[in-house]
Structure formats: C-alpha cells, structure tokens
Amino acid sequence: MHIDLNCDMGESFGVYTLGYDEAAMPYVTSINVACGFHASDPLNMLNTVKLAKQYNLAIGAHPAFPDLVGFGRRVMAASKEEIFADVAYQIGALAGICQTQGLKLQHVKAHGALYNMAEKDIAVGTAIAEAIKSVDPDLYMLCSCGSPMVKAAQAAGVKYVEEAFADRAYTKEGTLVPRSQPGAVIHDVKLVAERVLGLVKTGKVQAIDGTEIALKADTICVHGDTPGAVEMIKEIRELLEKQGITLKAFGIS
Amino acid sequence: MHIDLNCDMGESFGVYTLGYDEAAMPYVTSINVACGFHASDPLNMLNTVKLAKQYNLAIGAHPAFPDLVGFGRRVMAASKEEIFADVAYQIGALAGICQTQGLKLQHVKAHGALYNMAEKDIAVGTAIAEAIKSVDPDLYMLCSCGSPMVKAAQAAGVKYVEEAFADRAYTKEGTLVPRSQPGAVIHDVKLVAERVLGLVKTGKVQAIDGTEIALKADTICVHGDTPGAVEMIKEIRELLEKQGITLKAFGIS
Amino acid sequence: MHIDLNCDMGESFGVYTLGYDEAAMPYVTSINVACGFHASDPLNMLNTVKLAKQYNLAIGAHPAFPDLVGFGRRVMAASKEEIFADVAYQIGALAGICQTQGLKLQHVKAHGALYNMAEKDIAVGTAIAEAIKSVDPDLYMLCSCGSPMVKAAQAAGVKYVEEAFADRAYTKEGTLVPRSQPGAVIHDVKLVAERVLGLVKTGKVQAIDGTEIALKADTICVHGDTPGAVEMIKEIRELLEKQGITLKAFGIS
Amino acid sequence: MHIDLNCDMGESFGVYTLGYDEAAMPYVTSINVACGFHASDPLNMLNTVKLAKQYNLAIGAHPAFPDLVGFGRRVMAASKEEIFADVAYQIGALAGICQTQGLKLQHVKAHGALYNMAEKDIAVGTAIAEAIKSVDPDLYMLCSCGSPMVKAAQAAGVKYVEEAFADRAYTKEGTLVPRSQPGAVIHDVKLVAERVLGLVKTGKVQAIDGTEIALKADTICVHGDTPGAVEMIKEIRELLEKQGITLKAFGIS
C-alpha cells in the first residue's frame, strides 16, 4: 500500500520569497513547480529543481494563466487555443530547466484559476489534457478526484492521476466544500492526518454532512506555504509510515 | 556544395504583427523563433511552428533578455546564472511548443543584445553554450563567424555552426562593420546575392576596405522584416540554386 | 449644434505599430490613449501625446486590465479594489506623461473587457467611476449610451458623457447588437455618416429591426485601426461639417 | 535644527510581501514608494499610500527600470528618451494613486540601477531631472550627496535635496565605499546613530580612511527591509530627538 504527497513549490519570484520549500521537501514525494506565469522565474525554477533533485522528488509543471500580479488566481477568459499553447509553453520551459539537471518531468498540475476552471469546464480540462499529451505522452495529468478533469484526461487519452486535498472538507457528492463556507478547511493537524490515513487505506472519507463517501486518490495535495502547513505534512507522513504505508511518487513503478 | 539560410521569425506578439514570415518561409531553410522574452507569446509561437512545419523548415530557439518593451535590444546586466536559466527556459518553452507538432529543435541563436554581448564577452557566450548543451546536447549553437561565441561553444563542448550576415559589410579583421558607420548595411540586392554566392563557393568575401577576407560560414543570416528583405532572400536563393548550390538546413545530414 | 468624435489611439507597443493614428488625428476631436496595460509603453504614450498636441486634440486615458498578450480583451475576475487601483494608476501615468507636454486629461474611457464588463455590471462601472473622481474630479467618464455605466457615473458623482458607436447597429432596446450577429457592424461608409448625422441632429437612429430609437450621445466613437476606418472618420466629419455641425471635444465649453 | 529620514517602501508585489513598512513608518518622515516597474502593483501602491497617510508621511515616487524579475537592480541600456518617459509615467502613476487619498507627492528618488547610473552619468541624471520638472515643478529630486545627480538637477532647474546613507561608509572623496569592499556597510546600530547625529549637527562624517569629510545632507536614507534595520531607524530617531533635532520631511516648510 502506497501513496504520493504532492505540494506546490517554487513560487518565489525574483527577490521575493514564498513558501517553505526546503522545510517541506523531506516529507513530500511530488512537487508542482511554478513556471513563470503566476509565480517564479527561470533562475528560481532552476534553484527549485536543484533542491528537488537533492531530495529525490518527482517534479511536475504547475502551469497557470499569465497573471503574476494576481498569482494566477483570477479567472481569465482565455481561449482554448491560448490555454493549449500556454500550457505547452510552461511544460516545455520547466522541462528545459529540468534537463539541465538531468531530470525529466513526471506530471502537470494546473494552478489556481486554471485548475478551478478545469474542475468545472471540461473544455478547459481538455485543452490542458491535449497540451500535456502532445508535449509528452509520458506525462501524467493531475486531476481533482472525480471531477470533469478526469473525463477530459480520459477523452484526450492522457495518463492521469486523481488527487484529494488533505485539509479540505468534501460534500456528500464528493466535491470540495467551497472555501467561503464554514468548515471548508480543516485545521486540526491530527484529524487531517487521520483522514488521509483513512482515505489511503479504505478509499473513503467522511463528508461534511457526516456521511461516508468514496474518494479514489492516487495522490494527496498538501501545502508548504506556512510553518504550520509543513508541520501538517510531517504529521501526515509520520502517521502513514507508522501504519506501513509507503510514500512514493505516483510515477515510480 | 550546400548552405543554410537562417532567418528570425515568429516575432509577432498578441495582436501585433511583425515581419513577413509566410512570405519568407519558402526561401529559407532554418528559422530562429522568438520565445516570449523579446517578442512572441505561446500562441504566436505555436502558429509559427505550424507554419514552419508546412514549409519543412528547421526550427531554432531565439532566446533573449526579458524585455518586451525594448525587443531584447537593450543590454542588461544579467548575471551568468540568470542568462543560463533564461536560455534554458526559452529553449524548453519552444521545444514544448514544437513537440505538440511532432517536431524537434535544431539549434539555438541568441537574440539582440544577448547575441551582441556574447559576440564580445566569452563569459556570456559560455553561459549560453552551457545552457544549450545541458538542455539538449543535440542542439547546435549558432555563432557569429570567428567571434568569441565560437570559442565559448568549443569550450562548452556544444555543437555549433558559424553564421555570416548576407547584407552586412565586414572589416578586414572579419568583424561586422558597426551599423553606425557608412556602408555597414548593403542594400543592393544583386550585390548581396553575389557576395553570398562568393562566400559559399570560396569561403571569402571582400571587406569594406577592399581586401579579401576568409569567412567560414555554415549558415547565412537573412531578414524577413520588410517586403524588400524578402525579395533579397529570394534573389539570394535563386542565384545559389542557379549555381548548383543546395539549400538545406545545417542540421540535416 | 456640435459633437465630439472619439477614437482609440496610442496602441502601438515597443517596436510594434498598431493603428493609423497620424492619419486619423486630423478628423477626430478626442482620443483615448492606451496606458501600458493592454497596449503602449511610456515612450509610445509620450509620442502619442506629442502628436495629439500638434492636432490640438483632447486626451483621455484608456485604462484596461493588465493583459498585454490579450490586448485587454479577455475578461479577468479582478476585484473591485484591483480595478479601482488599476484605473487610478493608469490615469495618473498618462496624466504624468501629458504634464510633460503642458497638457491635462479631459476624460477616461475603459478599454476592452473592462469596458464590456462595466456596460453590464454596475459594480465594475462604480469602481471605475470612483477611481476617476478620486483622482481628478474634473475628468469625464466616457459611458456607453444608456448603459449601467451611466448609472454608475451618476451614483459616484463623476462628470460623464455618453457615447454612441458610429459603425455599430443597435437593438430596439438601445443596446449594441452583439458582434456575433449578422449586421452588427455597418461597413457602408456613407450609411454610417448619415446615421451619425441623424443621431446628432435628431437624437435618434434606426435600430436593426427598423424601429427608430432615441440615443443621447455626447460623443461618437470611431476607429482608426485600418486605412478604411480612417476614410470612414473623414466621411463622417465632412458630412457633419457640411451640415453645419461643429466638431469639438466635449470638455471644451 | 532638523532633518528628514527617507526610506524605500511599498516594495511588496501581488501576494509577495517585502519589507517591514508598518514597523518602520513611525520612525521615518519621507518614503520612496515603488511604482510597479521594479516592485509593487497598483493595489499595493494604494495600500502603501493609505498607510503612509495614517503616519502623516511625505511620499515620493521611486521609479525604476522595467525589470520586476531583477528588482530594478540590473543596469539596462535604456535611451534617454525611454528613461524620461519611464520616469514621467511612474511619477504620474503614483501621483494618481495619491490623489485618490487626497495626497500630493513630495519628491522623486530613482531606484536601484537607475539611481546608480545617475550617480555616475550626468546624462541619465538629466533625463530623470527633466522628467521630474516637466511632470511637476513642485517635486524635489532626491540626489546622492555631491554626485553628478546634483549637477543634473541644477542644470535642469529642478528642486532637489541631497541624501547621505546612514549605514554606509564614505571614501575621503565623499563617495560611497563600494559594497564589495570590507567596511562598506556599518552594522553597529549605535555607531550609525552617532554618525547620523554628527552629520546633522556638523555637516561632517568620518571617512573610511579616518579623515573627516564634509557631507551636506538634507535627508538621510535608512532601510526597513529587516527587523534589524527597523531597530536602526528607531535608534537613529531617538538619538536625534534626544539631542533636540526635529525630524520632519524636507518638503515641509
């Protein structure tokens, strides 16, 4: 029994530092590296990749809308052609940086508003999926569990994995409780670790209304943007390992 | 006997159109495609690559300083690490776009101020050369004839070719006559074609002072930014073909 | 009897040229100058303002979403605070450029997706109106005839004028026929000029369904992006002048 | 007897936070606010200006080269026309933001590489000075003590003040000891405060070689980028006040 922990990283930009990448790296197995559109720049990407190599982490591209000021969190009415090209460009850019260190990409995970749009709009997910497959058919697309992203990945014939969010509550339909609602984010570190453990062992988790729902997850999304978030990853990892679950990147057979 | 004609292309940006790419494509063999730092954007890059595929052209990356407003023509005091990372990023980005069309890159040619700096400063050339080689050792670095760029390429162990400029005058030392000097740019279409022919056949060309100089060129740089420039390429190509010289990309064996 | 003709200008960027500004300037009375977010850059803005000074034109700011690649045409989910700040910034930037030439701004007209959003969403219009008023209460807000922009301007207490579009068809409700529908854009130069004349003289125009509608317009929006568009402005101006209508900027008393 | 303490602020960008603005504001009298070219964005500028208003601080524009990735620290071969326009644009942009809060700018201080170039090259300083004066002749140009910037300001006829750096060592010629040399930056908080006090009272300071040099300073540059830097400002201010020196912005008569 094994699982992957994925975490957004490399979101520093120029002189600006964001996140606790190095503190979090010992505990995760896959990282999603910003590609210069919502965060990061070529040198920051290179430094992130070098660090990831030291920790033997699997690397994924984290493409976004071209919106540094808004950190890629603002929905943009980009065309499907623009999304396709933007994603291909960003995957390639990070792949180029990885190649300088003798590394290959494992996966692609859309960031921010692009991810959120793809969760709801299969046309957006399809543009992403087709870009991934046409750049490199060995790449996995990282999809939100049971969302239209999965259908888009299947239709495009791209390899994919599904992710659940460690610290987020789910509705009984298996969708994320919107952040605007109370209880959407779970802050209790031990509870989060227990939920992840249950999810990995049973494929089930308790929804916000108390019912038990099925949630197929190949990877668990965790955060490294605060010291507390890093503590949470550590707790999750330690509990999983104690229970005999192997932590490894999904792309490793 | 054969030669390559290389031309900057894909320098449109968003709604802005620049250059006569489609008019020039039938006459050249290799193109240098802007990568979003001095010009172009992912969708324009994709459209350029699709067009190049129709004309069966060899594609190279044309990395530059991050300066859209200045079209990459303004010298920037970037560090060697920044140049290395910027170049790797841009090569990768275009390679990603090419892969969506089943294409591979042939070469890399630095653009504008980055090229000019590399012509004089071996440290800049080395940063570029090392980026190219570490991203993909199959890529050629396009160097100005007999310049420090060649030494940088040799030291880095990267494959390289040397280029001469079709419409530029040379000093008796084999360097370009600066644009600020009279006679630096040759406008006579027939004369330019004759000079290129001579250069290809004899490896020699007349310098601005009348002396004959040796100029080893694997590829000839031409321009497609005006209708007149396209006429010049056509003239060059027709004269070369009439004289039995094969036009083909340098990366094709 | 008098009217203003307003036209987007200064949309070149770096080495890229867009529009026929100098050809159109003799015929218009007010211009909307791009402020660097969807198009233009400081030097292009300065050159535009210098040219406008020669033609004695009234100058307005043309603020947009920060989206050079998309030319400000892509809807962005920016917050009201972001829109307020973005608009204030862009007005100020152009005002600074104008001050170097001893000029003051007359008005502000939102560009592209920002304009379109404000036409429908009073909250967006209000953010724009409040930015304009708080930067300089002498500035006019340029609003689409009878749209929620007008209500936003009134509520914010900002000076405003209403504009009609010379070459666009209107529905019987007085809204623009969407570009996706047939007949949305009127290409017949003489017909456009006649419609503008009628509109200025009677305050009425024929809607696409043949009914006559009232359209209060303080200014008529014309285009200068093609040579044909410039011809249309010339035709409009000549007809108006022949009919004794004075062409002058709305801010001139 | 009075003096001004000026400090760079508003250098956060999007989601990225930089500097301890709010901690430093109680101790300084003038601030230099980033204008979106090397740091900041319209909303961050607005928030900075609102905060400065609470602390009753005099506000200056801090224009820079357009280089967010390099934080405006990389020398760029921009033309004089580009520098003039870039500076006018940035002053105007911040003035616009200030106007929304009923505030006016006091001064302009070039940032990073632009400042460093102006310290050495009178043509760069002149482009800056002329931009300032033509945008608003009430604005002060902030110049490095006794540098060519002062001559540029005088030649352009712009109001100016001279600044000394609180924590930097000076050569016996009155220029800054380059950061690459030992002793260039003084870290001893008490020593720095004593040097500032001496400078204000006597117009003299000890150079790195032990000689006493004259240094006319209307304002002292301090830093707020680390908690330790804020401590230093506090120490300086407290010592000055204890010695009966009034802290006030130079623009206040």
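By letter and in written order, the chains are A, B, C and D; residue numbering begins at 1 in each of them.
Keep this in mind: contacts are C-beta pairs under 8 Å (C-beta built on N, C-alpha and C of every residue); 3 or more make two chains touch, one makes a residue touch a chain.
Bear in mind that the values here come from a model prediction, so they are computed numbers and not experimental data.
Enquirer: Going by the touch criterion stated earlier, list every chain that contacts chain C and also contacts chain D.
Expert: For chain C paired with chain D, the chains in contact with each are A, B, in label order.
Enquirer: Taking all residue numbers at the chain A/chain C interface, are over half used by both copies (same) or under half (different)?
Expert: Copies use mostly the same positions to touch.
Enquirer: Express in whole angstrom the distance between the two chain centres, defined as the mean CA positions of chain B and chain C.
Expert: Roughly 42 Å, centre to centre.
Enquirer: If I count partner chains per residue in chain D, which residues reach a count of at least 2?
Expert: Counting only residues that touch two or more other chains, chain D contributes 41, 69-70, 82.
Enquirer: Which residues of chain B touch chain D in their complex?
Expert: Per the stated touch rule, the residues are 66-67, 69-70, 74-78, 82, 113.
Enquirer: Along chain D, where are the residues that touch chain A in the complex?
Expert: For this pair, the touching residues of chain D are 13-18, 41, 68-71.
Enquirer: If we count contacts the way the header does, which residues on chain D are in touch with chain C in the complex?
Expert: 36, 41-43, 45-46, 81-82, 84-86, 88-97, 99-101, 131, 134-136
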